[in-house]
Amino acid sequence: MGLKNKIMFVVQRPPYKSEDPKLALTHALSSGVTSIHIDEEVVPTVAFIGDGILNCVRDQKSMEAYGIISNERHIKNMLATDTKTLVCKEDIERLGIKEERLIDASDMGADMTIKVVPFNEILKEMEENDHLMFF
Amino acid sequence: MGMLSIGVFSSLVGSMDLDFAVRLARAAINKGHTVNLWLSGNATALSKDKQKEFKDYSFPDKTLRELIGKGLTVVSCEACNQSRGIQKEDMTEGINRASMDLYLAKAAQSDRVLHIGVE
Amino acid sequence: MKLGLFFSDLHGIEDTYDRINSQELGVFLVSNGIYHAVLKENGKPSKILNKKGASFYVLKEDLHTRGFSEGEVDSRVKVISYDDLVDLVMDRYEKLAWI
Amino acid sequence: MGLKNKIMFVVQRPPYKSEDPKLALTHALSSGVTSIHIDEEVVPTVAFIGDGILNCVRDQKSMEAYGIISNERHIKNMLATDTKTLVCKEDIERLGIKEERLIDASDMGADMTIKVVPFNEILKEMEENDHLMFF
Amino acid sequence: MGMLSIGVFSSLVGSMDLDFAVRLARAAINKGHTVNLWLSGNATALSKDKQKEFKDYSFPDKTLRELIGKGLTVVSCEACNQSRGIQKEDMTEGINRASMDLYLAKAAQSDRVLHIGVE
Amino acid sequence: MKLGLFFSDLHGIEDTYDRINSQELGVFLVSNGIYHAVLKENGKPSKILNKKGASFYVLKEDLHTRGFSEGEVDSRVKVISYDDLVDLVMDRYEKLAWI
């Protein structure tokens, strides 16, 4: 049997209250170095759903306020390393977050952006990935 | 027989998620499956040596040690431990310390992955 | 897909759950998720149990820990042991999510 | 200024998921030994509200299932030491917990029982206590 | 000037409740108030010595040590520490270890009590 | 009583809050409680802010950490610093509850 190396990280909790969202991001970011252990790299997909979409709001000033690297910084790193990153359309609409308030990493030269998609498309990703990790 | 990876991120005491994870690991190992356990976030508290048993607190430590003897692989997040002041020499014997890429690699090799976030 | 969903809370997860569909769906009520199997909030069984085509399981140890017994479990939910859980997870549900 | 020694412990979380409810009980139970530090003992009142009322369901077999002393045992100890213990009527009705399913400590010779009261009475207790601790 | 007791039961990393508590304590002390801090449950992790500073994790340890020098009283739950394997000699200097009756006694002497449960 | 309530979550606390009354009530939006000051869920400001006679405060540092600024705060809510918080807690609200 081949590797089950397509892993989907689903972030459902808001930032800065539990460690979960940040750990989702650091785990997803480490996919690139899994090849030291196995034949192929792990291919990550990251999706933000429910109140977890609040991780995607830009201008997080956690460093200035508390001396801690923001989740925004990790999301930008993810985009800069071409990780497929989805955010649930219904949830950003429910919470009234406009698309221009979402993090982008164009200042880091990233081509990848956070893709706003309906929940159904996130469900389809769940079908296509081998393993699921809900944070 | 298959391979199961369990990742746990919940607290040692109070949440009972670690009790659950260790009991599930025991049942799987007793049925002949291979089990990997990844401890990250608050769950790294389970890798600390010298936990005192109180009947009032969760104490999966004891079963965990038995399972390590039966082949359970336990890996605990290195940075999570360091940030909490848990040094390598403070850790329970048989628990390894590594970064998350090892968890993902193990997951990719596993038939099943059960990832348990914070409680 | 063949999806096993783990519920460990009484409140706060319904929204995600409502939106998840799967060809084959198993719902595991563990930890405080067991309350979905036994309580009738506002006189009605948990809405969780209304999902068509899903199979429902509740973990015996977690039920007993919280003061409930087999006789109080909704008839749509099967009481299982850790041994049963391992078999269901390893044999039947290919993907697992603790939501 | 005199002591503010009337402390109310409000348990709002269900058992066995966070350490909070158990810590509420152990803290309340320790009121009896505060006199080694201050002139008068702390006088505790304990109230269960919201999903926290699930702590009051009897027959908790956590010892048999997981080797851990139950919250029921602590509540019985509280009753046996005459701690005023309230549970919110609206919440036990909402969750369909019948009064006969509530913990009692008559087998330990306790006169005190869990008193089922409307939320308004719990609010009145909040007014009468000096400090509040929500668990 | 008054006396404030703060009890915290939340995790060291991720919840930011301990960052909040320590920042509130600092502001109160700088205004001349007396502050007591009680650490119980998961928050006892803050009493562990040798925490490593990562910019990615909460690190209230540093400010806490400064405040202890300015008169902040910090007491950490003895049993909570023991159950997590944190020995007396593993603790940050200046943090005391006691049982919860001391917290309640301090609360009874305080003008204000802010009790912060689990996150 | 003069009660100061601390909110640190976006969801899950409304039920207790709705039932609490106090002669004088201060609501401190800290941590993830700050979302009540800035979000319009389903197009409406948080119901939390509808309580008559209450004073509302949001902690500046926690607002900024989550990517929001003073200009986005509902007009009923006052933005405060840790220093302001200390004064309010020590001078104005006699009892405090973190719910």
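We just call them A, B, C, D, E and F in the order they show up, numbering each chain from 1.
What we mean here is this: a contact is a pair of C-beta atoms (placed from the backbone, for glycine too) under 8 Å apart; a residue touches a chain by one contact, two chains touch by 3 or more.
Keep in mind it's a predicted model, so treat the numbers as computed, not measured.
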Shared interface partners, meaning chains that touch subunit A and subunit F: C, E
Where subunit B and subunit C overlap in contact partners, by chain label: A, D
Interchain contact steps from subunit C to subunit E (minimum; 1 if touching): 2
Chain located farthest away, centre of subunit E as origin (C-alpha): C
Interface residue identity across copies subunit B, subunit E - same or different by half: same
Subunit B-subunit F separation of Cα centroids, rounded to whole Å: 38
Distance from the mean Cα position of subunit F to that of subunit E, given in whole angstrom: 24
Averaged-CA centre spacing for the pair subunit E and subunit B, given as whole angstrom: 27
Multi-chain contact residues (two or more partners), subunit E: 11, 13-16, 41-42, 56-57, 59, 111, 113, 115, 117-119
Two or more partner chains touched - positions in subunit D: 16-20, 26, 66, 130-132, 134
Contacts with two or more other chains, residues of subunit C listed in rising order: 8, 11, 31, 61-62, 65, 96-98
Set of all touching chain pairs, with the criterion as stated earlier: A-B, A-C, A-E, A-F, B-C, B-D, B-E, C-D, C-F, D-E, D-F, E-F
Subunit E residues within the subunit D interface of the complex: 7, 9, 40-42, 99-111, 113, 115, 117-118
Touching residues on subunit D, where the partner in the complex is subunit C: 14-17, 51, 54, 57-62, 64-66, 70, 72, 94-97, 101
Contact set on subunit F toward subunit A in their complex: 8-11, 31-32, 35, 39-43, 61-62, 64-69
Parts of subunit F lying in touch with subunit D, wherever the complex brings them together: 1, 3, 15-16, 19-21, 95-99
Residue ranges of subunit B in contact with subunit D within the complex: 11, 13-16, 19, 55-59, 119
